[in-house]
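Here chain A shows up in two complexes: once beside chain B, once beside chain C.
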Partner chain A sequence: MTGEIGLLALCLALALAIVQTLSGLSGARVAGSLSRGIATSSATGQFVFVALAFGALIYASVTDDFSIANVAENSHTLKPLIYKISGVWGNHEGSMLLWVFVLSVYSAAIAFLKRGSDRLTSAALGVQGLVAVAFIVFILFTSNPFVRLDPAPFEGNGLNPLLQDFGLAVHPPMLYTGYVGLSAAFAYAAAALIVRERDWARAARPFMLAAWIALTLGIALGSWWAYYELGWGGFWFWDPVENASLMPWLVATALLHSALATERTGAFRTWTLLLAIAGFSLSLIGTFLVRSGVLTSVHAFASDPTRGTYILFLIFGAIGGALALFAWRAPSLEEGASFEPVSRETALLLNNVFLTASAATVFVGTLYPLALDTFTGTKISVGPPFYAATFAPFFFAMLILVPFGPRLGWHRGNLRAALRTLYPALGAALLAFALILAFTTPRSLFGAAAFAVAAWLIASSAIDFWTRGWRGASPASVASMLGHAGLAVTLIGIAGTTLWRSEALEVLGPHDSMYVGGYELRLDDVVGVKGPNYDAARAIVTVKRNGETIAVMHPERRVFPAERQETVETAIRTTIFTDLYLALGDRRDATHWILRAYVNPLAPFIWLGGLVMALGGLAALWSRMRKPRAVPDAMAAPAE
Partner chain B sequence: MKQLLAIVFALLVSVPALAVPAPGTLADPALEARARALQKELRCMVCQGESIDESNASLAADLRALIRKHIQAGESDAQIKQYLVARYGDMILMKPPFESNTYALWLTPFLVLMVCLGAAAWVVIRASRRPASE
Partner chain C sequence: MTPKKRRRFAFAAAILLASAGAAALTLYALKDNVLYFYSPSDVAAKHVQPGIAFRIGGLVAMHSVTRGPGADVHFAVSDGKLSVPVIYHGVLPALFREGQGVVALGALEPSGTFRATEVLAKHDERYMPPEVVDALKRSGRWKENQ
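On to the complex of A and B.
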């Protein structure tokens, strides 16, 4: 019954999404409130039914209902409960259902919060409905998660062991909350064009912020997972799947900044609309890249093109439709107030220039090899050296400019006054540069520059906070301080790990020792351990420093019999300032094992920075939810 | 969105039972450092997005050993890369070469930056000339 209930609920959700689209769009045209009311209640109903369908799939997975093909292919009776739940979105069909579920949550939020004028809300609900229709149809016709198996197998195939991990259980919902949240920004932008609304950015801001926070955390989680699960200590590979999430983040960051100016002074009105459209388009492109199989191989996509082709049409429809609407209506939007070349507006514009160029770089780096392979058959790799030569300098240049933005007034800023407050930060940066260059090895100008920029950002945020004081710091100003300082924290982590990592790889027998970065590692024993659905070889490694035992660590190798796969379970001892990272390698003979050890200085800062940025986003969200319809103030005002 | 990466990775990596080579490091630390640097610039062809420096695949292990053999034979980095490109194609290079079919790849980022800077300058000039309103 579960599968049928889920399928029925999904069909009803589709019907309600159609109603939501029609009533929402007609509510945008007519002043009457009847169709608006229908749009609101169908958004709510759609949320209920999608939740029911999603719940049905989770229930089927938790109860090991292998008569449902999706559960049989991706679950196993021995799998721990949490992975039975998270396994639901660990596969294509389930993750698309999660996509639609998050979309319906945002639609319901739009309906309940009712931000902006009634016509704007109504049109936004209409657009959200249209997106929901497209995706529910996609699920029903190409990716139905409720297909039955007859006869039902006694046991499922199990879930990829790499995915049986807490970080990866939380990562997809977080990332989707970000991806799909950009659909809300997109819906408001399209709605603004439909009803010719000027102040849409204020109404859409909480959704942009929610999406950005979730994307930030989602990317950080994904990177953290790669770090501890893949077993090589790498945290970012410039892999297309990672890039697919980075592009929307870059554009969403640009959107948050551009929308600030649009809200405050009406500047960049059309550009902000375009960014909202671009953000969601990149979310769709990311979904296409990951879901169509095009990344594994262009040929894999060609052999089963239904899903990929549908998403491709969906992308063209969404982008084309939105751009056509934009070309038609945007010219009629009036221009904002004037501003001087030295002003907050110019600073925000520069932020957008660098973020756009960075996003374009990731875009071309991700798609160029695919295009080249498709059209000429030539295969190339676009790896880290490409991004080091393009993305890195763009981003670096932007970071240097960051502290000026919050210090310049709207319309007209005072560069000299801004610089005066920044002298201590400049001092901190120069000091950091000199210290790193003088006292650390290997000597690296780039490394020293990275720490200088980080000091520059953190010091400027600290000065900002110091001058405002505890009482004077508004949530909005705290948001900018945390957001910018968080970037610096991440930068410190990346620079520290890249510059000063030390590593060792050795074959150890019982009670043999190896040395890495000032630690002595002694392999005491390797014992067999039985997990719920795996058998592990667990090494017992005594860690000594200056002759004293400071820890005992247990890196493992796990064999999952159901999935017939092996994983490496790293052991990480962190002091926040440095990670000691152990991975157990192959067994050489009866008593000898390979042990890989890394000391990754400052590595935790990489993800800590993401957390700080997300906190900044939360502060901004809190300041917005407290005063949903603040009166715009055209005068120079405290930083935001 | 990481699942696909993870699945592909797991499929490719776990088949050769996570073979890591014996630690066949070169005795000369300078040569070993060269080998390590070179490893980071070469792609593990059967993995997703990883260099042979950080991959468990047996192909990566073989290539790591191969590089060391060539280094010991006294070849330069460029010669070794040339040898590998001749066998595996440009795809093995993490840094795509700057050639006629990659001009667009290398130049687009800078062109976009230039265009954006130009557009921003235009917007700022126009905005500063507009009479103050609101």
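On to the complex of A and C.
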């Protein structure tokens, strides 16, 4: 029954999404409130039914209902409960259902919060409904998660063990909350074009912020997972799938900043619209890259060409439709007041130029190899050197300019006054540069520059806080301080790990030792351990520093018999300032194993920075929710 | 120029400048920083020079894997027609097996041995790297439902 209930609920959700689209769009034109009421209630109903369908699939997975093909292919009776639940979105069909579920949550939130004018809300619901229709149809016709198996097998195939992990249980919902949240910004942008509404950015802002926070955390979680689970000691591989989430993040960051100006002064009105469209388009392109099987990755579940083709059409429809609407209506939205070359608007403009340019380089690096393969058959891949030469310069240039933004007034700023408050930060940056260059090896100009920029950002945020004091700091100013400082913390982590990582790889027998970065690692034994659904070889490694034992670590290799797969379970000892990272390699003979060890200085800062950035986002969200119709607040006292 | 026009102009100029910069950097980087993918037959046909980094893919040839000294591993990558010897110092992926698909990153030594800096195997039993499938198809050794 569960499967039928789920399928029925999904069909009803589709019907309601169609109603939502029609009533929402007609509510945008007509003065009457009837169709707006219908749009609101159908958005709520759609949320209920999608939740029901999603719940049905989770229930089937938890109760090991192997008569449902999706559960049989991806679950197993021995799998721990949490992975039975998270396994629901660890496969193509289930993850698309999660996508639609998150979409319906945003639709319900738009209907419930009713931000902006009635006509704007109604049109936004209509656009959200249209997106929902496209995706529910996609699920029903190409990726139905409720297909039955007859006869039902006694046991399921199990879930890819790499995905049986807490980080990856949380990563997809978080990332989707971000991806799909950009659909709300997109819906508001399209709605603004439809009803010719100028003040849409204020209405859409909480959704942009929610999407950005979730995207930030989702990317951080994904990178953290790759770090501890893959056993390669790296945190970012410029893999197309990672890039697929980075591009929307870059554009969403640009959008947040540009919308700030649009909201306050009306500047960049059309540009902000374009960014909202681009952000969601990149989410769709990301979904296509990840879900169509064109890429080699743990994320590429499916390689059914009809799915890729459908999503491709969906992308062309969404982008083409939105851009056509933009070309038709955008010229009629007048721009706001003008601004001087030295002003916060100019700072935000530069922010946007650098962010979109860096997003463009990632876009080329991700899609060029695919295009080349499709059209010429030549297979290439681009790796870190490409991004170091293209992405890094833009991003770096932007970071240097960051502290000026909050210090310049709207319309006209005073550069000299801004600089004056920044002298201590400049001092901190020069000091960091000199110290790193003088006292650390290997000597690296780039590395020292990275630390200097980080010090520059953190010091400028600290000065900002210092001058405002606890009482004077508005949530919005705290948001910008935390956001910018978080970026610096991540930069410190990246620079530290990249510069000072040490690495060793050796074949060890019983009681053999190896040395890495000042640590002595002694392999005491490798023992067999039985887990709930795996058998593990667990190494017992004694860690010594200066002759004293400081820890015993247990890196493992796990064999999952149901899935016929093996995973590496790393052991990481962290002091926040440095990670000692052990991965057990393959067995050489009865008593000898390969042990790989890394010392990654400052690595935890990478994800800590993501957390700080997300906190900044939350502060901004809080300032919005507290004052729903915010009048111009003290985002920063113009330094005049 | 009116302030509005001036602003528009500045905006367009900034975007244009950034795009030009991005395009120049990208083209420059694409020239030097891409890795080509070759099958063992490609390696022979294209006379790939030693020292040039590329990715090689195919199946791990049967009975070709020998281990040692130390953490070194020797094996051969084959596309059914030709094979290339590979030497790798490091931890092999969990799913590395003889007869299974593999992609390695590295460069040829003057002796013709491929020194790998990174070895990737397929992620699970049901999955084959698309490049490997393609290489096998081109050498005529690909069987469906392999």
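To be clear about the criterion, the second predicted complex is superposed on the first by the 622 of 640 C-alpha atoms of A that agree within 3 Å, B and C clash if a C-alpha of one lies under 4 Å from a C-alpha of the other, contacts with A are read in each partner's own complex, and residues count from 1 in each chain.
In this section, a contact is a pair of C-beta atoms (placed from the backbone, for glycine too) under 8 Å apart; a residue touches a chain by one contact, two chains touch by 3 or more.
Quantities reported herein were computed from a predicted structural model and do not represent experimental measurements.
Clashing of chain B with chain C is the outcome of superposition onto chain A.
Once chain A of one complex is fitted onto chain A of the other, the partner contacts of A:G447 are absent, as it touches neither chain B nor chain C. In the superposed pair of complexes, A:G87 makes contact with neither chain B nor chain C. Of the two partner chains placed by superposition, only chain B is touched by A:S245; chain C is not. Touch criterion met: A:A357 reaches chain B and chain C at once. In the superposed model, more residues of chain A are touched by B than by the other of chain B and chain C.
In the superposition on chain A, A:G129 contacts neither chain B nor chain C.
Residue contacts after overlaying the shared chain place A:G222 against chain B, while chain C stays out of touching range. Note: residues 160, 162, 231, 268, 296, 335, 338-339, 341, 349-350, 353-354, 356-357, 360-361, 364-365, 368-369, 378-383, 385-386, 389-390, 394, 505-507, 557, 565-568, 585-586, 588, 594, 596 of chain A belong to the chain B contact set and to the chain C contact set alike, using the contact criterion stated above.
Residues 90-91, 95, 160-163, 168, 171-172, 175, 222, 225-226, 230-234, 237-242, 244-245, 265-268, 286, 290-291, 295-296, 335-341, 345-346, 349-350, 352-354, 356-357, 360-361, 364-365, 368-369, 372, 376, 378-386, 389-391, 394, 411, 505-507, 557, 565-568, 585-586, 588, 594, 596, 634 of chain A touch chain B in their complex. Within the complex, the chain B residues that touch chain A are 1-10, 14, 17-20, 22-23, 25, 40-41, 43, 48-51, 54-56, 89-97, 101-102, 104-106, 108-110, 112-113, 116-117, 120, 123-125, 127-134. Interface residues of chain C, counted against chain A in their complex, comprise 3-4, 6-7, 10-11, 14-15, 17-19, 21-22, 25-26, 28-30, 32-37, 55, 67-68, 70-71, 89-92, 94-96, 123-125, 129-131, 134. Chain A meets chain C in the complex at residues 160, 162, 231, 268, 271, 296-298, 335, 338-339, 341, 349-350, 353-354, 356-358, 360-361, 364-365, 368-369, 378-383, 385-386, 389-390, 393-394, 505-507, 557, 563-568, 583, 585-586, 588, 594, 596.
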